[in-house]
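Each of the two complexes below includes chain A, the first together with chain B, the second together with chain C.
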Partner chain A sequence: MDAQALQTIVGVIDKRMTRQVKQYLDICARCAICKDACHQYVGTDDLTYLPARRAELIRQVYKKYFDSAGRLVPALYEARDPDDALLDELYTSCYACTGCRRCMYYCPFSIDTQQIVAIGKAMLIAVGRGQEMLGQLADAALFKGENVEMFRDVLVSGFKDIEAEVREITGDPEATIPVDKQGADILYVALAGAHSIRPAAVIFHEAGVDWTISLFEAANYGYFFGDPEKARLIAKRFMDEAKRLGVKEVVVPECGHAYRVAEIFYEAWAKEALPFKVSHILEVVDRLIKQGRITVEKGRIEGRVTYHDPCQIARNGGIYEQPRDVVRALTDDFVDLIPNRAEQWCCGGGGGIVAIDELRDVRLKSGSKKVEQLKASGASVLACPCENCRLQIEDLNEMHGLGLQVRQVIDLVVEAMPLPRSASAS
Partner chain B sequence: MPGAAREKGSTMSEEIKVDLELDLKGLLCPLPMVKVSQNITNVPVGGVIRAVATDPGSMADIPAWAKSTGNEVLSAEKQGNEFVFLVKRVK
Partner chain C sequence: METYLQITSIWGVYLTAFVFFAGMGVRIYQWATTPRSPVPFGMFPKPATRGGRIAAMLRDTFVAPHSAQIEPRMWTFAMLFHLAALAAFVGHLRLVQEYPVLPKLLGTEGMNSFAAWAGGIAGTLMMVAVLYWIGRRTFGAFKNLSVPEDYLLLGLLLGVIVMGNHMRFFGDVHAAEYRAWFQSLLLFRPHIPEEIMTSNVGWSLGTHMLFVDLFLMYFPFSKLVHAVGAFATNLTRSE
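Let's look at the complex of A and B:
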């Protein structure tokens, strides 16, 4: 490693290492309790994926440059230069980490490995070793944000096509997907794909919600990449749009990290209080069902239904009951996975790993606990919010022959609504 | 699978040689963009990928990816329920 790259890495540690993270590095008792909590270590038996080992790589560099004992007697204090071997391992361990924070939940000191991993990603990005695909996805989102007029026509034309399907599903030729509606109650920030727009549009239409659709998508690859500034700018696209339109509520789709970015992180990143509330689509659907604004009927969904808590919605977002209440409104045959809620196993598909080809084997192996849970549930339908979780569990479903229907929750809701074409709404 | 595609909706009338065909039908965004990106180095510089997707989000995603990575979308058009892209590797 040349002197300049070394200086860059040391500078990143100096800037990003908060007192809290320093404390995490200092207090880790190396008890290895976290090894049994991390789906990746459990599924691979590979030390690279041990939560404490991920932190160890960063601790070694930190000790070498910021700890007087480590500086003086590096061998004794396991202090180490960030050589190529260290950076290669750091790359794998940081970009494989799904940020599920199950390790933190079980750690006796609540050490947040995800926060430590974020520093590892920042070190890698600073020396040009950030994950390329995630970086490209983030840059493409930023490009769309900076050139929205270039894409407006294709986006609106896409919404019109979906609108035609919504009219067919609802049987209402007046059903619309409003764009740029000033003063609407809700700005719905979907994913780029039609699948997250169509069922939401049906639900909003049937409930008589005053809504408008965002020109931007809620997915945030800047967050997965590990660049908080890019992540902020990607979210800022629709936060500014919401302010311009004067909406009362921004609603993000089922996607877990999109919720965490918009609701948990954005105000701190932007150093501003938002003049509207941010909700997850399932909080809104739960509200609409409980208010009697949409009708759902039990019996339309066949088979036993279970529910997967995406880590970013549940353990890291605090939403446990509303999605369950939604699913319970659709069926009498609901069974929870064991364990569940805050203790739910990560499926292995978060953190952007589904877009990283070279980590595919690790990803699939790391789903072993989820496969065990799904088999034990006896369910034939999995209600699964979060795009990343669904992609992972669909792969596991195929690989292990689970025979599950892996469904977006809002698709199940539309299927349970008495509509002219509800069964094929998804 | 190498093949040839005519560039539609353009004043250019010559055949464009396609170096790689990608069937991205059924993939949800952003996966069509991810697959194009993962495959761009499988064609030589100056080579062309013909990609067919069904998710309408790809109509913004793939051109945005091309612009931000310095590649070029020669054409992007809707054909029935499909979205057909000719993407040229520039570097």
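Let's look at the complex of A and C:
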């Protein structure tokens, strides 16, 4: 490693250091209680994926350059320069980490490995070793943000196609997917692809919600890549759109990290209070069901239904009950996975890992606990309000022959609505 | 003997006190002057009130119920160690000032016997816990996570405990003599009572204090700052 690269890495650690992370690095006792908390360590038995080991790599560099004892007696802490071997392991351990923070839940000091991993990713990005695919996807999102007019016609034409399907499903030839509607109550920021738009549009239409759709997607690869500035700018695209349209509520789709970025992080990143509230689509659907604005009927969903708490929505986002209430409104045969809520096992698909081919093996092995939970539940339908979780669990489903239907929750809702064509809505 | 005790049990204690408090001060200053991330990194469910947050922080710090749930054995040994260390600390307060009520109730013999039992149990539990930690770290599946710092601290701790136990189990010197020595330190008129120097545990005290000095001098520069930092990080859990 040349002197300039070293200086860059040390500079990045200095710039990104926060009081919280400094305390985490100073106090971790390497007790390894986190070993049984991490789905990746449990699934692979590989030290690289032990949360304390992920932190240890960063701590080795931190001790050497930011701690007097580490400078004086580096051997005591195995403090060292960030050489190629360290950066290689750091790449794997940081980009494999799903940021589920289950280790934080069980740690006696509540050490947030995700925040430490964020510093690791920043170190990698600083020397051009950031994960390429995630970086490209983040840049593509930023490009779209800067050149939205270039994309407008294609997007609007896509919305029109989905609108035609919504008209067929609802039997209402007047049903629309409003674009750029000034003063709408809700701005719905979907994911790329019709699947997250169609059922939401059906629900909004049936409930008579005054809504409009965003030209941007909620997914945030800047966040996965590990660049908070890019992450902020990607989220800023639809936050600015919401301000321009004067909406009362921004609603994010069934996507874990998009919810956490929009609801928990964005205001702190942007240093501004948003003039509207941010909700997850299932908070809105729960509200609409409880207000009687949409009708759902039990019996239309066949088989036992279970629910997976996506880490970024549940443990890290605080939404536990509304999705369960929605699912319970659809069926009498609901069973929770064990453990659940704050203790729910991460499925292994978060943090951008589903987009990283070279980590596919680790990802699939890390799903072992989720597979055990799903088998033990005896469920045949999984309601899962996060795209990355669904992609991962679909893979696990196929690999382990679980015979599960892995479903978006809003698809199940539409299926349970008495509509002319609800059964094929998804 | 006298020189050894003067180094470890008089001048070493003063040096240790300085290094420990200054080191902890610097560490806390470093934390306090590093800007906090403005992002709320707490996990859910979060207590609704400030009082609730503090109660949760104290529960998580002193009881660590989630750790108990996931690894009961490690938690049991950790709790045993920390409770026994607390008991030992309370016991050592007799070196500053004799307890007000207990010695009158029990009488001198009774108090010595009580101290022997309580101190003996605490010392034994601490030793068992430290041996467990050394074993777990050396033979566990994650042994490669350990660095020399871990073994150094456990080694120093074992030294402190073994020599303390040696004085407790094999010594014929009681609290009054040790108190005379320790109070002389506090009054900055240090001396080692003859009874200690001529006893069979003079070397033990010297070596106990050698380990105590090294352990506490290293404390602020080690992961043991979790003794203070855990309060802050467990509060961050609910921010």
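Rule of thumb we're sticking to: the second predicted complex is superposed on the first by the 426 of 426 C-alpha atoms of A that agree within 3 Å, B and C clash if a C-alpha of one lies under 4 Å from a C-alpha of the other, contacts with A are read in each partner's own complex, and residues count from 1 in each chain.
Just so we're on the same page, a contact is a pair of C-beta atoms (placed from the backbone, for glycine too) under 8 Å apart; a residue touches a chain by one contact, two chains touch by 3 or more.
Keep in mind the model is a prediction, meaning the values are calculated, not measured.
A.B. asks: Quick check for you: in the superposed arrangement, does A:133 touch first (chain B), second (chain C), both or neither?
C.D. replies: Once the two structures are laid over each other on A, A:133 reaches chain B alone.
A.B. asks: After superposing on the shared chain, does chain C or chain B touch more chain A residues?
C.D. replies: Partner touching more chain A residues in the overlay: C.
A.B. asks: So in the superposed three-chain picture, is A:332 touching just chain B, just chain C, both, or none of them (first/second/both/neither)?
C.D. replies: In the superposition, A:332 touches no partner, neither chain B nor chain C.
A.B. asks: Just to be sure I read the superposition right, which of the two partners does A:219 touch: chain B = first, chain C = second, or both, or neither?
C.D. replies: first
A.B. asks: Determine, under the contact definition given at the top, whether A:141 touches first (chain B), second (chain C), both, or neither.
C.D. replies: So A:141 only meets chain B here.
A.B. asks: For A:162, select first, second, both or neither according to whether it touches chain B, chain C, the two together, or no partner.
C.D. replies: The first partner, chain B, only.
A.B. asks: Of the two partner chains, chain B (first) and chain C (second), which one does A:35 touch, if any: first, second, both, or neither?
C.D. replies: Touch status of A:35: second partner only.
A.B. asks: Quick check for you: in the superposed arrangement, does A:101 touch first (chain B), second (chain C), both or neither?
C.D. replies: A:101 contacts chain C only, not chain B.
A.B. asks: In the complex formed with chain B, which residues of chain A make contact?
C.D. replies: Contacts found on chain A: 133, 136-137, 139-144, 147, 151, 154-155, 157-158, 161-162, 191-195, 217, 219, 221, 355, 357, 387, 391.
A.B. asks: Which residues of chain B touch chain A once you look at their complex with the stated criterion?
C.D. replies: Touch residues, chain B against chain A: 28-31, 33-34, 37-38, 55-61, 63-65, 67-69, 76, 78.
A.B. asks: Please name which positions on chain C make contact with chain A in the complex.
C.D. replies: 27, 30-32, 34-41, 43-46, 60, 64, 66-67, 69-71, 74-75, 78, 140-142, 144-150, 152, 221-223, 225-226, 229-230, 232-234, 236-237
A.B. asks: Within the complex, which stretch of chain A touches chain C?
C.D. replies: So the residues of chain A touching chain C come out as 17-24, 26-33, 35-37, 45, 47, 50, 52-53, 56, 67-69, 75-78, 101, 104-112, 115, 264-265, 268-269, 271, 314-318, 320, 342.
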